[in-house]
Amino acid sequence: MSTESLLEIRDLSVTLPTDSSALRAVRGVSLDLRRGETLGIVGESGSGKSMTALALMNLLPPAARRQAAAIRFGDDDLAAMGEKDLAGRVRGRRIGMIFQEPMTSLNPVYTIGRQLIETMTIHGGTSVAAARRRAIELLEKVGLPDPASRLKQYPHEMSGGQRQRVMIAMALMNEPELLIADEPTTALDVTIQAQILHLLSELQRELGMAMILITHDLGVVSRAADRIAVMYAGDIVETGTTEAVLSAPRHPYTQGLLECVPGYREASARRLGSIPGIVPSMTGEIRGCAFAARCPRAVPRCHQEDPPRRPVAAGQSDGAARSFVCHDPEETRGRGFAGGDTATGPAIRRGGDSVLRVDDASCTFSVRRGLFGKRKPLRALDRVSLDIRKGEVLALVGESGCGKTTLTRTIMGLQTPDAGTVTLAGRPLGEQPARQRARLIQPIFQDPYSSLNPRQTIGDLIRRPLVINRLGDAREQRARVHRMMDYVGLPSRVFNSFPDQLSGGQRQRAAIARALILDPEIVICDEPTSALDVSVQAQILNLLLDLRDELDLTYLFVTHDLSVVRHLADRVAVMYLGEIVECGPGEQVLNRPKHPYTRALLDSALSIEPSLGVPAPDLAGDFPNPMNRPSGCPFHPRCPLADQRCRQRVPATETLDGTLVKCWKADTPPPSGPLDVRPDHNNKEDAAP
Amino acid sequence: MLNYVMRRALLALLVALTVSFGTFALFYFATDPAQTIAGEDAPQEMVEAIRVQYGFDRPITVQYLDWLGGVLQGDFGQSYFWKQPVVELIREHAKVTLLLAFSALAVTILIALPLGISAALRPNSWVDRFALSTAVSAQAIPNFWLGLMLIILFAVTFPIFPVSGDSSWRHYVLPALVLGASSVPAVMRLTRTGLLDVMGSDYIRTARAKGFTGYRLIVRQALRNALLPIVSVLAVQLGNKLGGSIVTESVFSMNGLGRLAVESIFNSDIPTVQSLILLFVLTFVLLTLAADLINAWLDPRIRMG
Amino acid sequence: MTLKETVNQTDLAAPSPHQEALGLTPGQAALKRARHHLGLQLGLGMLLVMGVFALLAPWLAPHDPYLQNLSLRLLPPAWVDGGQWHYVLGTDHLGRDYLSRIIYGARISMMIGLGAATIGALIGVTLGIIAGYFGGWLDQAVNFLVTCQLAVPSLLLIMTLVFVIGQSITVVIFVIGATHWVFYLVVTRAATLRIRELDFVAAAGAMGASKWQIAVKEILPNLVNQIMVIFTLEVAVAILNEATLSFLGLGVPSPIPSWGLMIAEGKTAMFFQPWLVILPGIALFVLVIAINLLGDGVRDVTVTNRRS
């Protein structure tokens, strides 16, 4: 790594006008980046991390205003550069950029080839033929097979992962000195995320470019970044080498954030740390430290004076600046966040009798392609069997399109299976009236912005299940709602508020209250935390586990986040293309996976592990289009172990060490190589501070 | 693609059949054509004789199929009022309407597109505000009244253009302005919001990050996407103009299809009204089909389904 | 640690200032935006004034709008040579007071506008929710209906229907209403399709709500804003349609004072007494622009900055 400075940002601010006042999205950020270095900018939503990146190239929304003392990039000052120079000499040429949404970031009406080639030709000096050669070379490099014919394809003919690869190739066309990647993998599935991140770090090393990686995911930065800048409320609160910041965080916010990540401290800790409150709105004058209101160490002067930047004692071998912005008050030193205690040891309960059984359920949709296209069958569920036992947390894991949602809808009775049965409390689900079913099973959805009717007040929508099921009179119902709100930690003053007035976490609490007010046996949690920020996610996970103990609930927990699974699951079921490929006790499946797909998922999960790089999952290709199911074992086109038998015959389900597996090679030991990079999560305490 | 065209053409045919049967039924149940042909004061026996002679006593389906059979052979029947084949009537009046509709479309495009585009490129600027207030006002002006005002202004106070008629190009200037203005608000607003959406999209941000800016950003990245909704709305507007210049033609006393339609209605000339409605419906459906095909050519997502 | 403790602890640990700050309810937010929306206030103000005139026409009009006085035919407005202040806006070809007729005309326009837009809304919203929520063949049938309706030139259809059924205010209201439901339908259908996929609809299904309950209690309330906006715009369209229809002689029958009819009657004397055409036209223009300003304003004010 060279020590030559590439980028120096000094005192960058961005303000966005709103209805009433100006929103200060970025407040005086200063950053340094050296050639060839990767800087990870981490923060929760609204922290201003994306705005910082967009401000560099002046790609902000039209209404936004940017101010900076200097943005020195090489010999130029980007802050003083006009639009024409910026577009002609810097954007796309010396700085490449990748965005979060691969599905919408490519122009839908032009071919991939045109979009790649014009990236070079627009800056002049390159012939179309040369640009074409470069495009083919780069597509090959980003791992798209048959690159020459790809050039003729349109974006809609590709999957999200493939489009993101095209985006990367496009950003690299002019060999930029700096690559800015704004949440490049957030919209992608776990296995694809690992592939893309691995690709990025390889390319970066090969081309010697610097990279700014913007993400909310501490696992991602821990693996991919050399240095970290933690952003909170528009400012960088702590910066230093990845290793140093993550192993010995100094700012209370960084500390709190890390405590919130499942598995950061200990796999067995049943309660996560949490940061109370929400990010303050950044309008008007901000006095003192923006974090003071949520900080356990806050003293009066934190609320009044701007905190100083404190360098951390030298002694860093690489000389990287390490500092944090905090009053760091003596009197509260050593005080931390609530929760995070390890006292409540692992309370894994085996689960009792089966309360819900799914037997051989299949579900096929016929999907029309285009307005008048032919209808084609889409097999969303293929002979799925599952049972949920009283009191357990059963985690259902899989990537998008694997049939998780269809399975939960089938279990809730919102979808009738073509074949097979669902048995609830001893009786077939189809024979039970909707209201009886409703009192046994209730869902909690992923997105609390979509799961609460914006036209109903919080009180009304929590009460709605009681009204529909005609339980009690109005007064009793209201009393129950108040009790439930108290239970989930919603202040009673929001009873008459509308969902729009609440924060994401509060909304999810309301959704939980609504699900629990009928006193159900089983709660289906469909990614209940993945739309939330890390600190809020921790609060909700804690709440869900407490409620489980308190109300004796059974959870079917659908998620793609393996650290969450590791944190709370008693049993784990893994889904792939409408089938359950592995199902068994949590510690078995997570520590001794039998199915190669489970192994690949575990390899792709990025826990906070600064000492490790991005793993290269041994998985070929993308998640297949569910419309074209491969013959034989549906996983065989991507499987490193597949042979002739796998390609031809569907494997049967067998039981190995108490785990159900659907694989011809389940008893074959995993091959050596990249798969062994995975750390032993049982000994995680050793790695963590 | 061929499949798509076939299905769309089939839909168009179905629409034309449904609508023509609908109007046929309306007239069948609500009017007495025999009385109309005979005249108000004709004796009852004469009305009955006409009823039998023209076959108005047959069931509706038989009459409809009879009419439809004629239409398929190019025979749209005989006008009760003008006493000549409807085909001839239509041929005589079509030229005026065609000329008027296309010149009006040109007026719409010339005003609405530049206004909409410049408004979208500078949202909340004075151009934008001007364009929006133009749209709001144009929407509120009754079309026939605008025609009368233009006549008072340009034909009487400052006699530049003729008051009425359709014999020279000068006769078309004011009508085209009036008819063209009626579509300006819709087309302008759609152009503006469509282009605004495109300019705010992720792929335009990508293009900017690649180094596109100014004129090249709009022409080489945004235009094609922004054209999609505009093509559709222009087809609809042209369809409306070809079938509905009733008001303009009446105000300026032009002998087009719209005026023919109004007079046929007033004179209960069922075969003419019937045929005109079928003609208008077919024109409209074919125009929207053409727009869909243009959009399929512009947008690979539609083309490749 | 028990649940109770957790909750209390969270509350204690969350120092109030930031959690206290609840945003505005959707209604409050809309009102707040309305206070800064000039167009909306202007439109509403103009409408209120015209509404008062229409409601109180018998008391505010200086003369009987039907009273003919042939000796005072075609008086120009008072500010023109030969005008009288007793007839501020002059008289028409039958010597009727023009100001009184214009004031009464506002009644006709508003009545027809509101009536027709309501009928259109009933048809369009019902069909839109059915098509969007139930989908399948119902959706296809409704879509076909829309294509047919759009393909027929609407003015020609309205004229034919009025001619066949007979001329009266009620007929005009029903015919205009019955031919102006497509806009409601298209918007409600699209919104219903979008809302149907939202999780709160699935949640309602999971709590045992029937399809009917979901359509009425969960989906419909979310369409109200959009329906309101379309309603105002359709009132304006209906008013213009009625005027056109009356102008062509197939709308409100004479001698009822409809602005369109007044323009048609004034047209014959247009070249020497242009005010007869200009004045009702201005009245129409002002009424319609006020309604449109209100409609655009309502749309601007009620947009929820919901995350999508």
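Each chain carries a letter (A, B and C) given by its place in the written order, and its residues are counted from 1.
Heads up, the rule we're going with is that a residue touches a chain if its C-beta (ideal position, glycine included) is under 8 Å from a C-beta of that chain, and two chains touch if they have at least 3 such contacts.
Because the structure is a prediction, the values reported are computed rather than measured.
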Identity of the chain that, by mean CA position, is farthest from chain B: A
Selected pair, greater C-beta contact count between A-B and B-C: B-C
Inter-chain centre distance, chain A versus chain C - centres from mean C-alpha coordinates, in Å: 46
Separation of chain B from chain C, taking each centre as the mean of its C-alpha atoms, in whole Å: 24
Distance from the mean Cα position of chain B to that of chain A, given in whole angstrom: 52
Chain C residues touching chain A - in the complex, by the definition given at the top: 1-3, 6-7, 9-11, 13-15, 17-19, 21-26, 32-33, 36, 198-200, 202-210, 213, 218, 221-222, 224, 304, 306-307
Of all residues in chain C, those that touch chain B in their complex: 144, 147-148, 150-157, 159-161, 163-165, 236, 240, 243-244, 247-250, 260, 263, 267, 270-271, 274, 277-278, 281, 284-285, 288-289, 292-293, 296
Contacting residues of chain B [partner chain A, same complex]: 3-4, 7-8, 123, 201-203, 205-214, 216, 220-221, 224-225, 298-302, 304-305
Chain C-touching residues of chain A, taken from the complex the two chains share: 19, 271, 274, 276-278, 280-281, 293-294, 296, 338, 344, 409, 412-414, 433-435, 437-439, 441-443, 445-447, 449-456, 461, 464-465, 468-469, 486-489, 491, 493-494, 497-498, 500-502, 511, 514, 518, 539, 542-543, 546-547, 549-550
Chain A to chain B touching residues, read off their complex: 57, 59, 62, 83-84, 87-88, 90-93, 96-97, 99, 101, 104-110, 118-119, 122-123, 154, 156-157, 167, 170-171, 369-373
